[in-house]
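The following blocks contain the structures, represented as C-alpha cells.
Here chain A shows up in two complexes: once beside chain B, once beside chain C.
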Partner chain A sequence: MTAFVDVRNLSVDFKTRNGLVHAVRDVSFTLDKGRTLGIVGESGSGKSVTSYSLMRILDAAGVIAGGAITFEGMDIGSASERAMRDIRGREISMIFQNPRAALNPIRKVGHQIEDVLRQHVQADAHNAREKAIEVLKQVRINNPEERYHSYPFELSGGMCQRIVIALALACKPQLLIADEPTTGLDVTTQKAVMDLVAELTRARGMAMILITHDLGLAATYCDHLIVMKSGEVVESAPALELFRNPQHAYTKKLLRATPHGTDSVRDLLPEDMRPAEPAAAPEPAAAKDRTPLLEVRNLVKEYPLKSARGGVFRAVGGISFSVGRGESVGLVGESGCGKSTTSSMVMRLLDPTSGTIRFDGTDIGEIPAGAFARSPYRGRLQMVFQDATDSLNPRFSARRSIADPLLQLGLKGGERLSGAALNARVEELATLCGLPHHLLDRFPHQLSGGQKARVGIARAIAVSPDLLVLDEPTAALDVSVQAVVLNLLVDLKEKLGMSYLFVSHDLAVVKLLCERVIVMKGGEIVEQGNCAKILEAPEHDYTKALLAAIPHPPI
Partner chain B sequence: MTSTAEPARAAPGLITHTLYVLRSNPITLLAFVLLALFVLAALIGPYVVPHDPYQSNAANALKPPSWQYWFGTDDLGRDVFSRVVVATRLDLLISLSAVVISFFAGSTLGSLAGFYGGWTDRIVSRLLDTLMAFPLFVLAMGIVAAMGNSVQNIVIATAIVNLPFYARVSRTEVNIRREAGFVQAARLSGNSNLRILATQIFPNALPPMMVQISLNLGWAILNAAGLSFIGLGVRPPTPEWGIMVAEGARFIVSGEWWLALFPGAALMLAVFTFNMLGDGLRDIVDPRQRS
Partner chain C sequence: MTSSRGMIVLKRLAQAIPTLFGVIVVTFIITRALPGDPAAYFAGPAATPESIAQIRAGMGLDKPLPEQFVRYLQDLATGNLGSSISTGQTVLSDVLSRLPASLELTFSALLLALVIAVPLGILAATRQGTFVDHLCRVVVTAGVSLPVFFTGLALVYVFYYILGVAPAPVGRLDFIYISPPTITGFYVIDALLAGDPETAGAAFKQLILPAATLAIFTLAPLARMTRAAMLQVLASDFIRTARAAGLSRRKILFTYAFRNALLPVVTTLGMVFSFVLGANVLVEKVFAWPGIGSYAVEALVVSDYAAVQGFVLVMAILFVVMNLLIDLSYTVIDPRVGFDG
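== the complex of A and B ==
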C-alpha cells in the first residue's frame, strides 16, 4: 500500500539565460490522508516549485528532471495533460499567495465559484448559484447572497483569501496545497484564515500541504514539517520534535531567527554572527535633553468621500504622541488603522487636516508637503520604506540610489559632496550597512531582498537624520534576513544616536526594537506606553487580540 | 538566500547585453541588419550609386531591369535603382525628424499630465482627444495644404499627427509611477517635483516608448510618402519613394511595372524594419532585462 501522496527523489531544473538551475534536488516525502505537512524554507529554497510539480503547473522553462510523484497510486509525471486537468481543482487544489492576483478582477466572485463547479461537473446551470452561495457560507462569508455579486476589489484582503479558499474547496478536493496563504494579511486575519482552513480540512478528512516561511505558523497548523534550503530537504521531522530538538544547523538558525519568545534582538542571530562584546547600554540622549524630538498633538487627516452625500473619511482621528531624543517608538496596528498615514504626515509627504507636528521645537506641519523638499528640516527626517523593491528606482544602481539624498541635500551642515568624496561617503554608508562594495554598481533587480533593504537603509541614513521612520522595513524579508536587518538597525541607532518611529503590525518584532509602543485602531490610539509592560499586561481588548493572534509554536 | 551566498557577478554591459538580445532573437537581428543597410544607403548612397539620379536620357526611357540598370529606367530614362537608393536619405530624414519632434513634445505634454493630474491632465487630454478625432492622414494633408508645400511642413504635419501617441503612452506610464515608493524616497531626498519627473519617473517610461518610436518611424515614412504620392510635400524631380510610386503607377497598366514596384518595395521594407525593431529596442534600453 503506497501513501496517498508519495514524492520520491524529485528534481526540477529551470533553463535560464545563465544555464541550467537546479531548483529542486532529490526531494522525497510522503503524506497520508487527513494529515498536514508543512514545507518551510526561505525564498528561493524551492518550496513553491516542489508544490507546483505536484500539480504539474511549472512554467515553460521548468522540467521535472528526475524522480516520481505518485498521487493515489497514479503517476503524476506521466499522466496526460487531459487527466491532469481533471485532477487540478477536483482532486488537488491550491490556495495562492496573493489572493487578489488569483481572482479575476472583472468577474463577480460568485460567478468565479460557479465556473469551477461547472468545469468539474459538480453543478449545472440550475443549481450553480445555490451551490456557490453554499460554498461561500462554508468559508464564513457574511451575507453570502450579497457577496455573491461582489467584485474582488470590493472585498478586503482577508475576504478575498476566503473566496480563494472557497474556490479551492468548492469541488471537495482530496489534497489542498496552501502556498503562503496568509502572507500580506494582518495577524488577526491570518489566524482567522488559518483556523478556517484547518477546520475545513479536518472536517473533510483532507490532506494539506502548507508552504510557508514562518516556522511558527507551520508548527501551529502542521503535523509534520520538512525544512528546505537551496532546493534540498535539510530536515524532516514531526512538528513538535523539530521544535524541541532541531538537528540541522540551518533549522536551528531559522528557529533562532524567528522572533517569537526571544528577549533580545541579539538572540536572533547565530552565535558566530553576534557582535563581539555586548554593546554597553547607551546613555539615552533623553537624559540630557528633556524636550521630545517629535511632538504630535491632535493630528487629524480626513479625506472627502466620493459619494453623493459627501462627508469625510477620517483616516487619522486626532492622535497625540511624542518621540524622545534617541528613543525608539513602535507604532502598531493592522492595515487601515492609519499608521502609514500618520507616518506620511510626520515625514511631511502628506499635509494633515489639522493638528501640530513639532519637530525640535518647530511646527513643521505648517510647511506644506510640496515645499518641504527645500526645507532645512528635510534632511533631519528620513524614512525606510516597506517594500525595498518598490522604493528603489529600477534604473538607478545601488550607488546612485544611496548618493541621491547626498546630491540633493548635502551632508548635515549643508556641505555638498562630489566625485571622490561622494564615492567615499557612499562606500562608508555601504560598509556601515553591511553591503559589500562590489554590489554598489548593481541594479535593484540584481540584488536580493536583504541587499535591497540595506540599500534603502543606507540611503535613509546618508544625510544623518535625527528621526528615522521605519515603515515595516522587514515585512517582505525572510526571517534570517530580518534578524540581520533588525540587528543592523539596533547597531546603527547606537552608533548614530537617531530616534526611530517603527511602524509595524508585528508586535513580536516591535518588542525587540522599541522602548515604547503605540497601538492604533481605526485612526485612534487605543493604548500607549512602555513596550514590555503593554506586551505583558495589555489593557485594551484590541491589544489582547493582537497578541493572541501571533502563532505560538507548541514548545 | 543570504547576501554572502550569492556569487559576485558583475552586470553585463550594454554591448554584451545588445549582443545577447540580438542573438536570442533572430527577428531583431534581421531588423538591425536591414536598418544598418538603410542607414548606410542614407549616408553614402548618393556617392556610390552607379548613375546620376537626375540625369535623363530619352534613348534609354522605360528599359526593363537589366545588368546595366538593375531596377530598370523610368520614362525620362533615369536609373530607378539610383533614385531608390538616393531617396533613402530624404525619407529617413523626414520620418526621423518628425518622430524626434513628436517624441519630445508628446512625452513632455503627457508626462506633465500624468504627473500633475487635475486640470493639467484634463486640458492636455481633451486637446489630444480633439487631435485624435480627425482622420490622421486627412489632418496631415490639411496642415500641409494650409501651411505650404515644403519638406519642413511635411515634418511638422507628421510630428503633429503622431504626437498623441507619445503623449498617451507617457501619460499612463508616468501616472502609474506617480506614487511609487522610489518617488516618495526621491521626495525625502530633497528632489523637487520636476526633477523627480525628469530624472526618476520618465526614464522608467522609456521601454514602452521605444516600441512606440520604432512603430512611428514606420508610420512616419508611410505618411510622408503618402503625402508626396498625392502631390503634397516633396516635388519632382527630387527622388522620393512616394513620388516615384505615384509616377510609376501611371505605367503599370502599360506593363512597365518596375517603376512603381521597386520604390514601393523599399518603402515596405523600411516600414517592416521599423516595426520589427521595436521589441528589440525595448529589451536593450531596459536594464531589468540585463540578467
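== the complex of A and C ==
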C-alpha cells in the first residue's frame, strides 16, 4: 500500500532560451491523508514547480523529466489530460498567492464558483447558485448573497483569498496545495486566512501541502517540513524537530535569518558573516542636539469622495510624531492604515490637507510637493522604495542609477560632481552598500533582488540625506537577503548618522531596526513609544492583535 | 449601475462637442487654404474676370473669413451643408445617398475579417510557435502588404474574368435590377425587407468581392491583436487558477481568456472601422462602388468646398459615434470601467 501522495525522485526541466534548466532535481516525499506538509524555500528553490507538477499545470516549457508522482495509487505522470481535469479541483486543488490576480477580473465571484461546481457535476443549472452561496458561507464571507454578485476588484485582498479558498474547496477535494497563500496579505489577515484553511482542512480530514518562504508560518501550520534549495531537498524532518535541531547548514541559515524571536539584527546573519562589533562609537555630535529632526503636528490628508453626496475620506486623521537626530522610528500598520500616505507627505511627494511638517526647524509642509524637487531640502530627505526592481530605471545601469541624485541635486553643499569625481563618489557609495564594483555597469535585469536593493539604498544615500524614509525596503526579498539588507541599514546608520523612518507591516523587522515605533490604524496613531517596551507590553488592543498574528512556531 | 452607465454616456457625449467644434473650424480653414479658385472653376474656361467675381459674390466667397464662418455655422445648425458645385445636388443628399454604400461595404468587410481573424488569432495564441501560428503570420502579413487595388483587381481577374463566378464590378447592383426602396440604405437588407430575394442575392454577389478585398487588408491588425491579447491573458494568474480548478479547455479559452482579451480587440476594431470607412477609395474605384470615399476625392480635385467640408464633418461625427460605441461596449465587457475612470 503506497502513501496517499507519493513523490519519488521527481525532476522537472524547463526549456529556456539559454538551454535546459533543471528546476527540480530528484525530489522525494510522501504525505498521508489528513496530514500537513510544508515545503519551505526561497525564490527559485523549485517549491512551486514541485507543486505544479503534482497537478500537472506546469507551463508549456516545463516537463516532468524523471521520477513518479502517485496520488491514491494513480500515476499522475501517465494519466490522460481528461483524467487530470477531473482530478484538478475535485481531488487536488490549489490556492495561490496574490489572490486578486488569481481570480477572473471580469466575472462575478459567484459565477466563478459555479463554474467549478458545474464542471465537476456538483451542481446543475437549478441549484448552482444556492450551492455557490453555501460555499461562500463556509469560508465565512459576510453577506454571501450580496458577495455572490461582486467582482474581485470590489473585494479586499483577504476577501479575495477567501474566494480563492472557496473555489478550491467547493468540490471537497482530498488534497489542498497552498502556494504562498498569505504573501502580500496583512499579518492579521494572514492569520485569519491560515486559521480558516487549517480549520477547514482538519474538519474535512484533508491533506495539505503548504508552500512558503516563511519557516515560522510553515512550522505553525504543518506536521512535517521539507526545505528546498536550488531544486533539491536539503532537509526533511518533523516540524518541531527541524526547528529544534536543524541539520543542514542552509536550514540553519534560514532559521537564523527569520526575524521572529531574535534579539539583535546581527543574530540574523550566519556567524562567519557578522561584522566585528565596532568599539563603542563616539556619540555623533548631532545626536547631542535634542531638538527633533522631524516634527509632524496634526497632519491630515483628506481625499474627496467620488460619490454624488460628496464628503471626504480621511486617509490620515491628524497625527503627530517626531523623529530625533540619528534615531530610527518604525511606522507600523496594515494596508490602508495611512502609513504610506504619511510617508509620502513627509517625503513631500504629496501635499497635506492641513498640519505642519517641521524639518530641522523649517515647515517644509508649506513648500508645494510639485516644487519640492527644486528646494534645498530635497537632498536632505531621501527614500528607499519597496519594489527594488520597479523603482530602478530599466535603461539605467547601476552606476547611472546611483549617480542620478548626484546629477540632479548635487552634493550636500550644492557642489556638482562630474567625470572622475562622480565616478569615485559612486564607487565609494557602492563600497558602503556592499555592492561589488564590477556590478556597477549592469542593468537592473542583470542583478539579483538583494543587489537591486543595494543599488536603491546607495542611490538614496548618494546626496548624504539627514532623513531616510524606508518604505518596506525588504518586503519583496527572501529572508536570507532581508537579513543582509537589514544589517546593511544598521551599519549605514552607524557610519553616517542618518535618521530612519521605517515604514513596515512587519513588527518583527521593526523591532530589530528601530528604537521607537508608531502603530497606525485607520489613519490614526493608536500607540507610540519605545519599541522594545511596546512589543513586550502592548497597551492598545490593536497592537496586541498585530503581535498575536505573527506566526509563533511551536518551540 | 444603470445610472452610472447613463452618466458615462452623457459624459462621453459632452466630450465630443469640443472635438466636433474643432473639426468644423479646422475643415473650414483648410478648405479655404486649398489651392484653386472654385469660382473660376465654376465659371468655366470662357469666363471673364467680371463673371468670376459675380460668381464669387454669389457663393459668398468675397466676404471676410470670419463672416463666412459664421454663415457656415448658421447653415450647419439648420442642416444645410451647402450644395456641391460638381454634382449640383445638396451635399446632405449626396452624403445620405453615398454613406450607406460605404457603410454596407465596410460593415460586411469587417464582419468577414472578424470571422476569420479572431479564430485565427486564438488558434495562433493557443498553438504558439506551431504551423498554425506561422500560417497566421504569413496570411496577415501578405494581406496587409498587398495594396487593396491590387488585391481587388486580382480578385476581379480570377473570379469574374477567368472563373466567371462573380458579377461584373459595376457598383452596388447590376443594371438589370432596380434599387430596392430605401429603408436602411443597405441594399441587401432593404431588398430582403421589400420581399425581393432575387435583388438581395444580386446585391450580395456584388458585395462579396469588394468586401473580401477590404477584409484581407483589415485581417492583419485584428488577428495580431487577438493573438497578442490572448497570449497575455493566457499567461495570467487567473487562468492558472481556472486550470487548477479543472475547468474544461473550452471554458478556460472562451469564458475566461477570450472575454478578457476582448477589450484590445474591440479597440482595434473601432480604429480599423474609422480608418477603413474613409480610406477605401481605391476599393470603391476598382469596383465602381458609389461610396463616400470616392465622392470626397472627386470633390477635392475640383475644390468643391462644401462637399469636402460635408465629408469631413460626417466622418468626424462617425468617429465620435464609433468611439462612444466602443466606450459603451467596454462597460458591457468590463465591470471595472466606470469605477476607476
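Heads up, the rule we're going with is that the second predicted complex is superposed on the first by the 547 of 555 C-alpha atoms of A that agree within 3 Å, B and C clash if a C-alpha of one lies under 4 Å from a C-alpha of the other, contacts with A are read in each partner's own complex, and residues count from 1 in each chain.
Just so it is clear, a contact is a pair of C-beta atoms (placed from the backbone, for glycine too) under 8 Å apart; a residue touches a chain by one contact, two chains touch by 3 or more.
Bear in mind that the values here come from a model prediction, so they are computed numbers and not experimental data.
By the touch criterion defined above, A:I57 lies against chain C but remains apart from chain B after alignment on the C-alpha atoms of chain A. By the touch criterion defined above, A:K511 lies against neither chain B nor chain C after alignment on the C-alpha atoms of chain A. Look at A:Q451: by the touch rule set out above, it reaches chain B but stays clear of chain C. Of the two partner chains, chain C is the only one that A:R85 touches; chain B does not reach it. Shared-chain residue A:R378: touches chain B; no touch with chain C.
Considering which of chain B and chain C touches more of chain A, the answer is B. By the touch criterion defined above, A:K521 lies against neither chain B nor chain C after alignment on the C-alpha atoms of chain A.
Once the two complexes are overlaid on the shared chain, A:I106 sits against chain C while remaining clear of chain B. Those residues of chain C that touch chain A in the shared complex are 128, 236-238, 240-248, 251, 255-256, 259-260, 333-336, 339.
Across the interface of their complex, chain C is touched by residues 55, 57, 60, 84-90, 93-94, 96, 98, 101-107, 115-116, 119-120, 151, 153, 164, 167-168 of chain A. Partner chain A is touched in their complex by these residues of chain B: 1-3, 6, 8, 10-11, 20, 180-182, 184-193, 195, 200, 203-204, 287-288, 290-291.
Those residues of chain A that touch chain B in the shared complex are 17, 42-44, 230, 347, 349, 370, 373-374, 378-379, 381-383, 385-387, 390-396, 404-405, 407-409, 434-436, 438-439, 441-443, 445-446, 448, 450-451, 454, 456, 459-460, 480-481, 484.
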